[in-house]
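Sending over a structure as structure tokens; questions will come in a sec.
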Amino acid sequence: MESFTTPLLTGTSTGAILLIAALGLALTFGQMGVINMAHGEFLMAGAYTTYLTQQVVSSADVSVLLAIPVAFLVAGLLGLALEAGIIRWMYHRPLDTLLVTVGVGMVLQQLAKDLFGAQGDPVREPGWLQGNLTVLGYHWPYTRMFTIVLAVVALGGLAALLKRTRFGRQIRATVQNRDLAETMGISTRRVDRITFFVGSGLAGVGGVAVALASGTNPTLGTSYIIPAFLVVVAGGLGQLRGTVLAAWLVGVVTAFLTDWFSGSTAQVITFALVVVFLQVRPQGLFTVRTRGLA
Amino acid sequence: MSAARRTPLATALRGWGGLLGIALLALALLVVAPAVLSDFRLGNLGKYCCWAIAAVGIGLAWGRGGMLVMGQGVFFGIGGYAMAMHLKLEAAGPGNVPDFMQLYGDGTMPGWWEPFRSGAFTLVAIVVLPALVALVLGYAILKRRVRGAYFAILNQALAVTFATLLVATIKQTGGFNGLNSFPTFFGYNLYDPVNKQMIYSIAAGLLIACLLVVWHLGRSRFGELLVATRDAEERVRFLGHDPANIKLVAFVAAAVMASIGGAMFAPIAGIISPSDVNAAASILLIAGVALGGRASLLGPALGAIAVGYGQSALSESFPNHWSYFQGALFIVVILLIPAGLASLPPRLWAALPRRGRTRKAATA
Amino acid sequence: MSRGRDYLEVRGLTVDFDGFKAVDGVDLTLLQGRLHFLIGPNGAGKTTLVDALTGLVPGTGLARYGAHDLLGLKPHRIVRAGVGRTFQTATVFEELSVLQNLDIAGGVHRRAWQLALPRRGVPAYVDDALDAIGLGDLRDRPAGVLAHGQKQWLEIGMLLVQDARVMLLDEPVAGMSAEEREATGELLQRIGRERTIVVIEHDMEFVRRFADTVTVMHAGRVLTEGTVAEVQADERVQEVYLGRTTDAVGVDPEAVAAEAAGEGA
Amino acid sequence: MSTSRTRLAASTAAALAAALVLSSCGGSKSDDGSAAAADSCVDTSGDTIKLGFLNSTSGAMAISEQTVRDSLLLAAKEINADGGILGKQIEPVEEDGASDPAVFAEKIGKLLTSDCVAAVFGGWTSASRKAMLPVVEGSNGLLFYPVQYEGLEASENIYYTGATTNQQIIPAMDFLASKGVKTLFLAGSDYVFPRTANKIIKQYAAELGIEIVGEEYVPLDSDDWSTQVAKIVKAKPDFVFNTINGSSNVGFIKAYYEQGLGPDTSPIISVSIAEEEAPAMGKDVTGQFAAWNYFQSVETPANEAFIEAFQAEYGADRPTSDPMEAAYTSLYLYKNIVEKAESFDVDDVNAASDGVSFDAPEGTVTIDGENHHIAKTGLIGRINAENQFDVVWSSEGPIEPDPFLEGYDWWDPSAE
């Protein structure tokens, strides 16, 4: 039983971090078609924000909770700056956005190295997250369970924003038909900016979860960005349900493979599985337009 | 209708111009460089040439075919490791296994190493292996109409996976350390400066050869079709072509060139390791192509050489800032001069006020 | 090839978008040598019908041309089978010259390996098409600088080069001046003798002037079919375009606007 | 006309191919693989001598390697102040290895053949050393490598001033045996050093009667250890042998404590956590162990002087660690060999190196002229509340280096 519960639970919490990272991407990539390769670095920024919050507010009990909105804000503002400074000039060149943001990611990574050192800094978990819960033989750390809670909150918040608010309707209208939305009096520029802010902010929240799970280091974004993109791709665009399922599956499958073989083999097989999956279900991967074939 | 008459001439000139450019580069690389550079600098230039060979392929796949091949390190690695395996076996001598297998493993050699004892097999494998991998992978991805960002992401994921696989297979591929210590190259002593120069010449020659191939493809109907596919893939479908096939050809060609570059890189650098083929290495290749001009003929090659040189030179003077330079390079080039440096001279040329031209137009 | 032997037969063609039937059980027989016009209000399913016939959207039923059922083929195979189309907004390769645009369409005349060769001279089929569309003087101009109407002609020329026996043209004269329309109509009549040509059109003037057969579509179905006079006399057609005179059949505000813009230019 | 153009292209290609064949024929094929090295270009005529310092000051390894660079510069400064080597002032030529083995290979080539330095000091990862090895052998140069490594190597052109396996891994195992450890769990990064170390550990454990109850690896850059740590929890080993590299340690330590493990249940003995790393683990690691040959807490006069000089130069908060000390020592050892040989020539240096010793901060070290390693004392430290290491065990005097473990009859290199 333990050999089953351990990977299932660790995989679920890994999937939760992946989900928070992927949610932001699903928003900026899925809704806006912008491929932000610096998203991983926003995650890293969120992690360092957690660290810095802890430097200022020394009580770990409070600082981590405080770090969640602050990290959202920091990463969100970074995203806003990126959108306003670079991406908005490039909406018609999505592939090029990808490369520009690779460059932005490099700069942010080096900046983090220069500011905080390459070694990485520790983040203490709050007292109320110390300890673990024994589930069928697996000592499930509270911090890991907390990432799941965080993911659920992020998911719920995003879903509520998209489905229940006026702004959410504006986003959806803009995605479906930009010109029409504009004629209806929606400021699509504003929608773009806010979407990017929220999507990037979610990465910051993911960073808090990462910081709690494994501390900070300048390159932590690179290990999440590709899996997160694979999650968005496999989940299908504009589909929160798909993203959730894909994140959970990638997390759990990787955990089981890690358990059975090794971490490296797990990475390789997971990638192969995603490619094979795309062979079977490429839906959402392409859109065919008619009338004006542009 | 002077325009109508002049344009074919201009087109012809462009064809000649490309050839002239290649000839000048050949002169610079094969004649001038060996004469003026020290052995050490020439070796470095040889390394840049290997990257440039891969970059020429990227120019074809990305610049002309619109496929952002962010995982060319994989093919670079296939060629590099194939060559390195042969050189390791050559160093081990007939019947012996490479030294690292005795150190890290149990001294037995995996069966798939055995054919690489043959130099001929290795040379064939350097071309055929990447072609096969690119064919299978490209077929799976491109036929499913995966393109744009998805294609790029899957490619990069592939590079990450490939590097992970290499690091994890210590007994088979040397792991993180990669393969190194090659005393000889097809029997030629690699420590001998004369032979080093010879290997440099081969790399530079192969670069020129790849440029000629791309020059030719650019003038061919395939070249036109490839550009057309990049600009309007669906439209090409309604010309009776399967765009996937057209892109597949370019993808395979780019893979083979990357592999050739990697194969020369191993003996010149004296090492091939996961860090030469991972996602970061793949992105560095893209940086050169973007800088030089992705869709131009010489741009990718010159850009790759420039980035290689920049990395050596800048890391000598500003060790900590190479990452900033590289990041800034992406941002500035892609944002402001997406067609790369190759696009600047024509633009400057066009911006210059020229009386001669106006007069000509007036009389026409 | 003798007149009238070649034809495209459509039986029970249905295109279903998640329960919404954009094309619903359409039967059509399109004969060689005639100019067929497909009219109907916006959303009638005209373009979707053409999309289905050219493999752009999946359809069920039968669309037989020669030995092929088009519905089972991929787009490029359909083209190779001799069925070509144009789009509402002209899509030519703007950076390539007129000549290169025509040449690039000549894939059916070449084997795959020949693609690796550079162009040498101008093939006869390209020259012929160039003459037919009357752009000989502009052959070396980049297609991007052509006027709107010239782009449409170039697209028709590309269909000629690719040897399309069946041409499905989506509003080829939209935005053209009166003279250009006339020239286009004559061009279609000329090349239509040996081909099966289907034109989706809103401009009734143009339809009246050149149509041999008119098919009226409404809500995914064929409403009626016949000569211009027959169709105009049909009560159901008038009902579909309720509140308008028969003269304006098929003219919707968008088309009027486009027309005005075209004439103004 | 277009036909003639194509012909021209074809003939150009043919001409190039011919040129290639010719250039290949120009290569000289020597009979054997022996190095046909160029003559040394080292300039010993002036009153300075150039030495190359090759460390990564950028990339992932920069944080570690910068500390080595600092120690080397300190040693150079001290030696210069003391009159230099054979009366010549050291002129350091600094290069960045950029954490990339290929760059190390390129840069050491530059230092040896272009800058003409007399010797190079640096390298950290095994990959960087393996990449430099053929270059330094090819040009018959000298490299001083200051980091503990997986052994199984001895080059005429490299001096290894860090520990080989019988000076770190084997003492650690002796220590575990002395503590009565019966079960051991192996956790490492998925690369050469941990794999090789664990191969040795497993064979020696069999000899010592210690049972290996698990062996897990994660990729070098991975932070997620929860699955593997769950296996440790299940196996309940007496000790965990940690060969994890770099920042992966943070994730490991985190998961280890979170799942309820600690020094009182299954303590960890590490071979890569030193003074620099201990405070960066995010957990209080007091009570855990590490095996090295030097700790900042070592009480020798030389160490007192070293720490004082280092902190005066770089700040009182800077800790000193084993690789830093080994780098510092390497420059002094080089000075001593050169002054014994009275020559900077590589062959003269090699001829004189056997038995040369230095009173290093870790204690007296002596060069073995046979394998170019140095005799060092094995130490086990236990982390205290100040993140310093209390020495709790020490080998009986310096251990003679034995990189190929020839003196250990339980060692079978071809076994799994």
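The first chain written gets the first letter, and so on, giving A, B, C and D; residue counts start at 1 in each chain.
The rule is simple: contacts are C-beta pairs under 8 Å (C-beta built on N, C-alpha and C of every residue); 3 or more make two chains touch, one makes a residue touch a chain.
Predicted, not measured: the structure shown is a model, and the values here were computed from it.
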Supply the minimal count of touching-chain steps required to go from chain A to chain D.
1
The chain pair joined by the most C-beta contacts is B-D
Chain with the smallest distance from its CA centroid to the overall CA centroid?
B
Relative to chain A, the most remote chain by C-alpha centroid is chain C
Indicate the whole-number Å distance between the mean C-alpha point of chain C and the mean C-alpha point of chain D.
73
For chain B versus chain D, what separation do you get between their C-alpha means, in angstrom?
34
Please report how many Å separate the Cα centroid of chain B from that of chain C, as a whole number.
44
Where chain A and chain C are represented by their mean Cα positions, the distance between them in whole Å
47
Where chain D touches two or more other chains simultaneously, the residues are 62, 190, 217, 219
Could you tell me which residues belong to chain A and also touch two or more other chains?
113, 222, 262, 264, 267, 288, 293-294
Can you list the residues of chain B that touch 2 or more other chains?
164, 167-168, 216, 232, 234-235, 238, 320-321, 323
Chain B - residues contacting chain D, complex
12, 15-16, 19, 23, 26, 30, 38-41, 43-44, 47, 91, 102-104, 106-107, 164, 167-168, 170, 174-178, 180-184, 187-195, 197-199, 201-202, 205, 208-209, 212, 215-216, 269-271, 273, 275-276, 311-312, 315-316, 319-323
Write out the stretch or stretches of chain D touching chain B in their complex.
1, 5, 8-9, 12-13, 16-17, 19-20, 23-24, 26-30, 33, 35-38, 57-58, 62, 95-96, 98-103, 105-106, 109-110, 113-114, 125-127, 130-131, 133-135, 138-139, 152-153, 190-192, 195-196, 199, 217, 219-220, 413-416
State the interface residues of chain C toward chain B in the complex, per the touch definition above.
54, 56, 74-76, 79-80, 84-85, 91, 93-97, 100, 103-105, 107-108, 110, 114-119, 137-141, 158, 162
Quick one: which bits of chain D touch chain A in the complex? Just the residue numbers, please.
60-63, 190, 216-219, 221-224, 226-228, 230-231, 233-234, 247, 250-251, 254-255, 258-260, 276-277, 279-283
State the interface residues of chain B toward chain A in the complex, per the touch definition above.
66, 68, 140-141, 144-150, 152-154, 156-158, 160-161, 164-165, 167-168, 232, 234-235, 238, 279, 283, 286, 290, 320-321, 323-324, 326-331, 334-335, 338
